[in-house]
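Read through the structures below before going on.
Across the two complexes that follow, chain A remains constant while its partner is chain B and subsequently chain C.
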Partner chain A sequence: MSATVQNSDPKDAKLRADIDRSLRHPVMFFFTSGALWLLVAVLLGFASSFKSHSPDFLGDAAWATTGRLSLAHQNILIYGWACQAAFGAIIWLMARLCRKESKNSILILVAGHVWNLAITFGLFGILLGGSTGVTWMAFPTAVWPVLLISYILIAIWSAIQFQVREGGHIFVSQWYLLAAIIAFPWVFFSSHVFVFVLDGHPLMKAAVSEWYRAGLVFLFLAPVAISAAYYLAPKVTGRPVHSYHLAMFGFWSLMAIAPWAGFQKLAGAPIPRFLPYIGAAATILFLIPALAVAVNILRTILQDETSASRNSPSLRFTMGGMAGMLILGVLGLFLNTSGTLAMTQFSLTGYGMDILAIYGFFSMCAFGLIYFVVPRVTRREWLSKRFITSHFFLSLYGVAAVVLFSIMGGLFQGQAQNDSNAPWADAASFGRAYAVGTTLAWLFIAFANTIFLSHLLLMWARLGRRSTHPTLLDSGHHASSPHGPEGDIDELQAAKA
Partner chain B sequence: MNFKTFLLGLTAAFGLPWVLAVAIPYTQMAHLEPARFVEAADGFDGVYEFTRSGRTDGASIYASNGCALCHTQVIRPSYAGTDMYRKDWAGVPANAAEGIADSRRETNPYDFEGEKFAYVGQTRVGPDLSNVAIRAARRGAEKGIGAEQWFLEHLYNPRDYDYNSVCPSVSFLFDGSAAKPKSDAKALAAYLMSMRKDNVIPSSLNPRKP
Partner chain C sequence: MSATNDTPLKRFTAFWVVLGAFLLFGIIALILAPLTNTPEVTAADEAGATRRLAIRELVEEEQAKNLAMVENGDKIQAPPAEIFGKVGAQLASIKPQAVKEDRFRDPALVAEEAPAEQEDASDAPAATETAAPAESEAAPEPADSSDQ
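Our next item is the complex of A and B:
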């Protein structure tokens, strides 16, 4: 950001610039390689979706078996894109909020490369037939310890930064970041040990693998996304967060509810009976923190009287993500009641909900943060507002279509499955038209992310605009940035608290 | 809110569900008491041992090809679904003319004996496989072949028997034709055979007969 729109202490401005410079390489590495994996994951999603209605697509090659493509698609989406976007967000946000330069950028960068090598190895492992077949733990078992070690080398510095920060106040964003930093190794390590190391009952291993999926979404990806939203909304509008108490309520309700979720995928399986019930209840109750957070963020953004909410790419994506989170909460309420679970449990709706959580909620918030961070760490502005708008709308329509088709198709399919007198072929054929729709929607998302990746690569190569004006989504130039004066919101938040 | 309260709260919020819903159920299920036949209910006394009707070493091939994404291995009790009533899924209904007793039952924890992971499954794009061996035997008999051979032909090209099936072919596990399976294809077929679950079980394990 240029010097002309800054009205705060020049010392502060220098500190922020130093922090950004210290993190430039790891942050850009995580965002760019994440975006690359995202494109790979989306193309794998397209291929596996295509095969789900036209099984002869890509022939009978072993690597192109529907199941292998689908496992690769889901795992690359999680570990290649979502986790890496989260890492970039965590290290940058924590450094900025603690006002500490990163002193370990080289180590973080090395660990990031190790993470990427492990993912590459895992991808080939799945495609060549070495997968464990456990939905989000499908990489060959040699991969997960490497992932865990590189995670620790990436994230531990942010926890240390928090410990040594000056000043006592903790920002809302920092609660969520800390929760995410702690939740990931806890959920990841204990689940993998329960599933792959200890000698437990096969059914409880399956139950833990479902608990792990819910934990990864609700305790790692969701907190990072919410943290980014709590950072961007006040920062860009220049207003304090709408309600501190609501923020506190939203945080603690998420932390109290989310760790119980996931077991409902095993409803009816012979595991202790309370587990599926408590899992379904927790998934339904997710609506409470979702409402608290969304109301708080959206009120902060929409009460802004400047044009920031309309013009800022970051805020537009953040609002998209908040809408995704609300829809996730509302659908979770309707799809997990004891009446609907029998229908939805083994239908395509589960996949639709996964994509809604990862793309419609988390990724939209992550994109918002990336559009904010990259100009700061590269000291260049985004090249084209048209690229950003296309990325937004193609993503929005694409993910809406995937979710709608999976959930609608899944409901019809689930209803036919549950009609024990109708022939089984009915259940299969009812989902098919919707599977075709899902395939087309992945194509939209593939376009969106080709644009995004190209734009990001140009920024990475420092080919962005050298300008004093941030790239906004309307026409014309601005005397002052709707991204607000740098740093002032930190003081505003502190004063409010 | 200071940092200490924050960490305490977080530990409690994470720790409680981890202990109550993950660690304790996991430990308990790891040491299942053997189920028993009881004279009063089953007509004789004894310890129930589930023996699979085939090898399970094909499980890793089932897993690595992502079969569990489209196939389930669980017959849910009737409060959770209608699996018990779908033809040939839960077992074989009674047939007085042929002297067959009702073998239908829901899945119990002993059914996963010998497995490393219970591939309960994500969706039912394809049918549940709990008793797929019964259906394979029936459909094989129509063609004059055994169940295992029917599995091999079905794995080689699922659309030979079900024109509309979207099940991917695993022809790469064969040497060019369904008659020449590699050892992996045989292992996978044997695993599918092993899922047959119409043995006699203690009535304590089958409280909700259809």
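Our next item is the complex of A and C:
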């Protein structure tokens, strides 16, 4: 949709247009339904946070207890938003990188609808008291096989596209996509089998569920986010990735380290002592691939001397995501030492780290990709740069506030919990102010995502700008539209006809 | 690889290979887990479980009775925040009492004492009664909080 498209090989441009056309409906479905679930999750997060410091909010209804709202919030954030955004990213990125049209869009769309139905059933299951109680596996047990089968029917075609791709170089993004495509069923299937099917020791089931949480973040969401960043940075700036060897190092170090993370959440539990130490070490070492990827991506972007990196919404969100990833790595280093872990294990800190990983890192990269992909599949440009800017800054401030309040509040709360001379009520009161701050921050994020969802729905209805000139975040004043002349897409299509 | 890499046969083969790759880890877990998990239940485990379940049953019966009385209006439930400190102080002041019924005791201790008692009965002409220090030193039971 930018000027560079018109200068590229016409056959290449036609292939890209055909790929986008073949994936328009599934990609838009995943992004739009994901954005809707994100808003639901954020509102549930707001409600559960409000409830934690003001228990009279929403009255005495059983569905409105903190426990159920919090479980619903986290599970909808993961499966309703994060997974669906990842699916849209996987199917589009793999098709574009393998230069293959999708031949199974209808099946993918049907599987996507089944996924959403299962999520809806799961949400009502949690709110009506039928949850399993396991943090990120809280949907009623009947739901997870449906989710697994839906996932297979969504993602398997992307793996097949990779197998039958035309010869040539394998892009860095493709490594990460393939890793994510295979890691999700490995982590999902095996964890659910150990926790819900096999008759094992309950403590090991708890350990497996914590391993699953870390696996979902580091082996599925992180690779998808990084693949999006590795696609967008060179694409938008027109520059190659800064260092291929650094990219390779970042990939293999992530694959080597990530599978070991998660057990540190059960530090002090009567499980083999080496397990929590391995989990903590792996979480600390995540900083290594995080640094490698962030340096590579940010150097690729920031070495660009044109205004693309400043004015591109995609790159702005991608840089925000990379910053989120770096902060996740650094905080993981400090919060997983044995002293800090003992202090924060039963506090708000863990929640803050989860939100940083899912929203501060993954979601920001996903937003960047969505702002790039949607104009290409809908052949319309985003309507309003103000909507985009508001979405960015409200999300950034909101997630920074949630993370800061949760982690700071958790540290004070944990310190008070460990003080055996003080009453337990003191620990709860230390965290109260930070819980109030977290509630306010969720309100900002809800506002940001209302804007985003509205903008996305307008694009889905193909009410975007009919122009080949992209919507940029150029803050200059222009006599005419800063986005170039309107309506030139109609002239282009008429000329081709 | 050339453009002829994309054939229906290749796609069909790739489908099954990828499906196998997706399910591989889970299938390995399903195969290995029963081989490594040895759910042997020992006699001590079972005795301990029986003891815990008996205690749980008693506790649940008492709680159900109290709840029923609260719902009927026979008792008024005091706000927990007002009485926790008081009840906690009373509990802390009570010395531990010996458990009398065997079903609530550690099965290993019960097993140890049974042969010892049999030996005493056969050797000694008369067994002296052991004191029940817990009973004589026990503080009065705490007042029922729900009466307040």
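In this section, the second predicted complex is superposed on the first by the 469 of 497 C-alpha atoms of A that agree within 3 Å, B and C clash if a C-alpha of one lies under 4 Å from a C-alpha of the other, contacts with A are read in each partner's own complex, and residues count from 1 in each chain.
Simple rule for what comes next: a residue touches a chain if its C-beta (ideal position, glycine included) is under 8 Å from a C-beta of that chain, and two chains touch if they have at least 3 such contacts.
Small disclaimer: the values here were computed from a predicted structure and weren't measured.
After alignment on the shared chain A, the placement of chain B and chain C results in a clash.
After overlaying the two complexes on the shared chain, residue contacts for A:Ile160 are found with chain C alone; chain B is out of touch. In the superposition on chain A, A:Ile182 makes contact with both chain B and chain C.
In the superposition on chain A, A:Thr132 makes contact with chain B only, while chain C stays out of contact range.
Counting the residues of chain A that each partner touches, chain B and chain C differ, and the larger count belongs to B. In the superposition on chain A, A:His53 makes contact with chain B only, while chain C stays out of contact range. Of the two partner chains placed by the overlay, chain B and chain C both lie in contact with A:Ser190. In the overlay built on the shared chain, the residue A:Asp199 is in contact with chain B and with chain C. Once the two complexes are laid over each other on the shared chain, residue contacts for A:Trp252 go to chain B alone; chain C is not touched.
Residue contacts after overlaying the shared chain place A:Leu275 against chain B, while chain C stays out of touching range.
Shared interface residues of chain A, touching chain B in one complex and chain C in the other, are 168, 182, 186, 190, 194, 198-200. Those residues of chain A that touch chain B in the shared complex are 51-55, 60-62, 65-71, 126, 129-135, 138, 168, 170, 175, 178-179, 182-183, 186, 190, 194-195, 198-209, 211, 219, 248, 252, 255-256, 259-260, 263, 265-272, 275-276, 278, 341-342, 345-348, 350-351, 417-421, 424-425, 427-429, 431-432. Listing the residues of chain C that touch chain A in their complex gives 1-3, 5-7, 10-11, 14-15, 17-19, 21-26, 29-30, 33-34, 37, 39. Every residue of chain B that touches chain A in the complex is listed here, in rising order: 1-3, 6, 9-10, 13-14, 16-18, 21-22, 25-30, 32, 60, 62-70, 72, 74, 76-77, 79-83, 85-86, 106-109, 112, 115-127, 158-159, 162, 164-172.
Listed in rising order, the residues of chain A touching chain C in the complex are 100, 152, 156, 159-160, 163-168, 182, 185-187, 189-190, 193-194, 197-200.
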